[in-house]
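First subunit A sits with subunit B, and in the next complex the same chain sits with subunit C.
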Partner chain A sequence: MANIQEKIAKLFPEATFEESDILLVNIPDAKWHDLAKCLKDELQFDQLVTIVGMDWKEQLGAVYYINCTANNTQISVKVIATGDREKPMLHSVYDVWAVATLFEREVYDFFGIIFINNPDMRRLFLSIDWKGYPLRKDYDDDPALNPVPKENERQEDITYSYVEDEKGKVTKKEVVVFEPNDFVVNIGPQHPATHGVLRFRTAVDGETIKKIDFYSGYIHRGIEKICEGLTYPQTLHFMDRMDYFSGHHYHHGLCIAIEKAAGIEISRRAQVIRVLMDELARIASHCLFLGTYCMDLGATTMLFYTLRVREQILDIMEKTCGARMTFNYGCIGGVMQDLHEDFVKDVKELLAVLPKNIKEYNELFIGNVIAKGRLENIGNLSREDAIAHGVTGPSGRASGWACDVRKTHPYSIYGELDFEEVVYTEGDSMARTKLRIAEMEQSAKIIEQLIDNIPDGEYCVKVPKVIKLPAGRWFQMVEGCRGTFGVYIESDGTTSPFRLKLVPPCLPLAGVVDYITQGHKIADLITIGGSLDYIVPDIDR
Partner chain B sequence: MPYEAWKDNEYIESLLKELQENGTNVIVGTFDKLINWGRSNSIWPLTFATSCCGIEFVSLGAARYDMARFGWEVARSSPRQADFMMVAGTIVHRMAPVMRRLYDQLAEPKYVIACGGCAVSGGPFRKSYHVVKGIDEIVPVDVYLPGCPPRPEAMIYAIMQLSRKMRVEKFFGGVNRQEKIKDFLAAHPEESFDK
Partner chain C sequence: MYDLSLITDWIHNLLSSFMPGWLTTTVECVLIGVGLLLVYALLALFYIYFERKVCAAFQCRLGPNRVGPWGLLQSFADMFKMLIKELITLKHIDRFLFALAPYLVIIASMLSFAVLPWGNGLQVLDFNIGIFFLLAVSSIGVLGILLAGWSSNNKFTLIGALRSGAQMVSYELSIGLSVLTMVAYAGTMSVTGIVAAQEDLWFIFSGHVPAIIAFVIYLIAGTAETNRGPFDLPEAESELTAGYHTEYSGIHFGFFYLAEYLNLFIVSGVATLLFFGGWMPLHIPGWDGFNEVMNYIPSVVWFVGKAIALSFIIIWFKWTFPRLRIDQLLTLEWKYLLPINLFNLVLMVLVIVFGWHF
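Then we have the complex of A and B:
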């Protein structure tokens, strides 16, 4: 890390450094694009994890989290926007990391920061007529300003780009989304195969997809903004309602972040319970993926086979957590309740039937000649593209990118466990499907190691009644069922977060659909979208 | 709702019995009975889910809870073929006009179940700037089903309540209900589509 700091200091004398859990570089906006290029090309920071838009009341800006996939070091960069609050501006880095196009749109939507040179400066979640930028501290949330709309949303076929000329003058330019002769088909938001309320405007040439313009925000609930008004323990329960299959993982992530910030050490028993729950949830999630995915492709029966295992897991969870879906089980300092007395017995029963089920899935679906025809060589994504577009999780690993946070940045007790990170190199829909089945086996392996060795001790350590975090910033990543989930907390020393940014893995997954489907038939859109397995409430938050 | 009320599932029927004590028209009454019996035993849902509740709805369709036992398993993807809409999940500002359009596209007679805390009142997201605080701001609701998400058993109960309501449509669903809906729609006008 010191090495990197030296290099940056040498090349950019105006950069200053701050030590927190991840090295933070302060850089003026004018030099930011050069630094980004240098980070990517010379220092191999090739994955942009997220852009956290910030409103520090007197200034607006953004914090970038960047990861190096070669040696898994992380760095963060803080850039303060130029211009006043009316028209704050930053330079875009979309040409350095492709996924930035999407992340910058999100920041623009929430904070109104304009990214110079970004080719698509539209709102991402809110409608074009929305007044104000909701995550700004001075946002006026009067319902009279933004009432529940009674009529259909206004639609625009143009987007804007702010281009800077050599003299540094920024002009607004109109960009047309589709070409005049494009035939545009609307898919969604109410469509059974979009896995929720996502909308694709698809330009087709005959049956071949030319371009997809994706619209989200149909389930945007503003969780990040609500969290700013809640105490830390209160923010936890929203984690169940983003990616509702990864509830345990998201709880885990936020809990680790808060515990790291507050300096709370949790017991080994709690860590083991959390990991057990994470892996059980992962099996359940991949089961449901397989069921609904096959249903999308027309193989309805598969759902009944896969839900059989899922229901068994939900029963185990229900006995301990008291709910089938929104468990709210992790808490600061450990977990809410102790394990149910039947837990070990039930899990062993599950482990006994799981291999038989997995064999059945393979026989029924993966080996099926129709499935092969529909999945193989459909939606190929190379390793470089996966990294550039930030496609993490099983979808990234199917493209040959070893991006499992459990291995790259081990948290909790994952460092001591013996399991394999499954990586395939084909990068097509079939690889993504097979990989999830293989991951179920690995999760079972983790559970097998732990189930007989759950240590005694307290399931939740004593924590202060009122949890206050010291001023500072923390970033934590965990491996959800669909990819890397990140939590960014910025605290000003009070009981509620100054900014809580949740980094969903599904936003890049949906963003890559346009790139990956080009040239495929429109029927393959369902195959490809399903195999990426995005969850729309996770995209929208 | 008091716990005992969950056991009292026949109150609508007993009310009906009381109303029919003085007899009913032989022909019209018999036809009513036949139509309502048929209608209430094959209500087809619209596949409409925005978030977590939708997954419980999937569980409801699978083998364990098996809604096919009641004649509800034909989940339609097109609103024009569906009888009722289970609004499963949070409805936000951007989704509101879309949901209203789906409701308008359902063929009469149509019913709405507000499924889950979010659809009933905004639920945990009530404080949000982008969430509709209860779908009854947009469409008339027949059955409210609380829970976050409601268990599949609760969903079965809600749909059974709906089918009980349909069976007494002559008294409570017919003229009364239609007038109520008419008033509602007058107060919440349908704006021009497809501009």
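Then we have the complex of A and C:
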């Protein structure tokens, strides 16, 4: 790390450094694009994890979290926007990390920061006529300003780009999304295969896809904004409502971040329980993925075979957590309740039937000749593209990118567990499907190791009634069911977060759909979208 | 074998004994029409129930079990619901064609229904080009589907209709050729003639290898003709919501729904006719006692039973396989089924010419 700091300091004398959990580089906007290029090309920081838009009241800006996939070191860069609050500007890094195109749109949507040279400066979640930028600290949330629309929402087929010429003059330019005579099919927001209210405006030529414009925000709830007005324990309850299959993981992530910041040590028992729940939830989620995916492909029967296992897991969860969907199980200091007395017995029953079921899934679907024809070599994503587009989780690992946070940045007790990180290199829909089945086996392996040695102790350690974090910033990643979930907390020393940024794995997954479906058939859009397994509440937050 | 033409003749004689000839014909037509409609509706209801139960069994479920004993009244309730639902009229559609389309579909399947050999002497239309007529009327259905997709003025329905057009026109070739193979073997196009030719042994057994090949191809193409899984692309739910009939509601949707199930019966019925002897009981040459016993089972039971058994296979396909993609579907037809079929026709001709069959 010191090595990197030296190199950056040598090349960019204007950069200043701050030590927090991850090295932070301060750089003026004028040099930011050069630094980004240098980070990517010379220091191999090839994955942009997230862009956290920030409003520090007197100035706007962004914090970039960047990861090096070769040795999994992380670095963060803080850039202050130029210009006044009317028209703050930053330079885009979309040409360095492809996923920045989406992330920058999100920052623009919430903070109004214009990214110079980004080819698509539309709002990402809010409607195009929305007044104000909601995550700014001086945002006026008077409902009279943004009434519930009674008419259809306005929609544009053009977008805008702010292009900078050699002299540094920025001009607004129109960019066409669809040509006037494109045949645009509107897939979603109400569509059986979008897995939620997501919309793909798809330009097709016959059955062949020319371009997809991904449109989201239909169930945007502003969780990040709401959290700024809540105390830390209250923020936890929103974690179940993003990726509702990874509720345990997201709770886990936010809990670790808060515990790290507050300096709370939790008991071994609580850690084991959390990991057990995470892995059970992972099996349940992958089961549901497989079932709904097969249903998307027309093999309806498979759904019931996979739901059988999922039901069993949900029954286990229900006994301990009291819920089947939004568990609200993790809490600061441990978990909400102790394990149910039947837990060990039920989990062992599950482990006994799981291998048989997995074998059945492989025989029924993966080996089927039609399934092979539909999945193999469809939606190929290379390792480089997966990294550039930030496709993490099972989808990234199917492209040969070992991106499992449980291995790359071990948290909780994952470092001492014996399990394999499944990585395939094909990068097609078939690999993504098979990988999830293989991951179910690995999760079962983890559960097997832990189920007989759940240590005694407190399930929740004593924590102060009022949790106050010291001023500072923390970033924590966990492995959700669909990819890397990140939590960024910036605290000003009060009981509620100054800024809580949640980094969803599904936004890049949905964003990459356009890139890998081009030239495929409409039916392949369903295959590819399904195999990426994005989930919409996670994208929208 | 009990000849049902005795009953029909008796009715005919009874009617003509007190009616002029033209009135007799009219009354008979009405009677038959009502009878056909009734059988049509009842069969459709049965098929809905049957498919639900079969699919439930495959999926480790119970299927309908609340309405009536064993859920038997479930499909009646569903049909009743469909009848009383509102027919939603949409703006921006071609109203005439939109209303016409479901009727075309249902008429096509009803006309094919009339040609089927229901039992010994129980056949509505029987003439020397029966099979030919069947192929002709069943292809009207695709017109209805194309019109439905086009007139709805919706991109999803249009894509569904175009898929359907491509699919049905292609697979009609395979159906036609495998039917042709069997017609060549039977030496007649008349439905009664084909059934009569199978008195000793069903074609699937007597026709040697080419008959088996023709049967397999017919079954695949027939599944595709009925737009059922794994060939249900025109209404691929996860891709096109409901394909060509997305915009339909009430009984107009019901017509598509009914026609789909009845086409399933018709396809299996034609397969029964061509390969499994129509209403002809299972006869094995030399086993006279066995043949006598088989004759005691009524011919209607033979026909319907065989048709339902074949539909079971087609339903099995649907609840087992994932859906094909449009290009794979057309590849299967044009690059595999069609050449095999042509070769099979030649093979069949050789079999007939050299008398290699049983």
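In this section, the second predicted complex is superposed on the first by the 541 of 541 C-alpha atoms of A that agree within 3 Å, B and C clash if a C-alpha of one lies under 4 Å from a C-alpha of the other, contacts with A are read in each partner's own complex, and residues count from 1 in each chain.
The rule is short, and it goes like this: contacts are C-beta pairs under 8 Å (C-beta built on N, C-alpha and C of every residue); 3 or more make two chains touch, one makes a residue touch a chain.
No experiment lies behind these values; they were computed from the predicted model shown.
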Here subunit A is shared; do subunit B and subunit C fit on it together or clash?
fit
Comparing subunit B and subunit C in the superposed model, the one touching more of subunit A is B
Looking at the overlay, what does A:308 touch: subunit B (first), subunit C (second), both, or neither?
both
With subunit A at the apex, figure out the C-alpha centre angle toward subunit B and subunit C and round it to a multiple of 10 degrees.
50
According to the stated criteria, A:443 is in contact with first (subunit B), second (subunit C), both, or neither; which is it?
neither
Identify the partner contact of A:151: answer first if only subunit B is touched, second if only subunit C is, both if each is, neither if none is.
first
Taking the superposition as given, does A:371 touch the first partner, subunit B, the second, subunit C, both, or neither?
second
Partner chain in contact with A:141 - subunit B first, subunit C second, else both or neither
first
Touch check for A:412: first (subunit B), second (subunit C), both, or neither?
neither
Quick one: classify A:517 as touching subunit B (first), subunit C (second), both or neither.
neither
Rounded to whole Å, what minimum CA distance do you find between subunit B and subunit C in the overlaid structures?
5
Could you tell me which stretches of subunit A are touched by subunit B in one complex and by subunit C in the other?
191-192, 303-304, 308
With touch defined as at the start, can you tell me which subunit C residues reach subunit A in the complex?
55, 58-61, 155-156, 159, 163, 229-230, 232-233, 236-239, 241, 319-328
Counting only contacts in the complex, subunit A reaches subunit C at residues 183, 185-186, 191-193, 204, 207, 294-301, 303-305, 308, 365, 368, 370-371, 373-374, 521-526
Okay, in this complex, where on subunit A does subunit B touch?
125-127, 134, 139, 141, 146, 148-153, 189-192, 196-197, 217-223, 225-226, 229, 237-238, 240-241, 244-245, 288, 292, 303-304, 307-308, 311, 324-326, 536-537
In their complex, what parts of subunit B are in touch with subunit A?
47-52, 54-56, 58-59, 62-64, 77, 89-90, 92-98, 100-102, 124-125, 127-132, 137-138, 148-149, 151, 188-189, 191-195
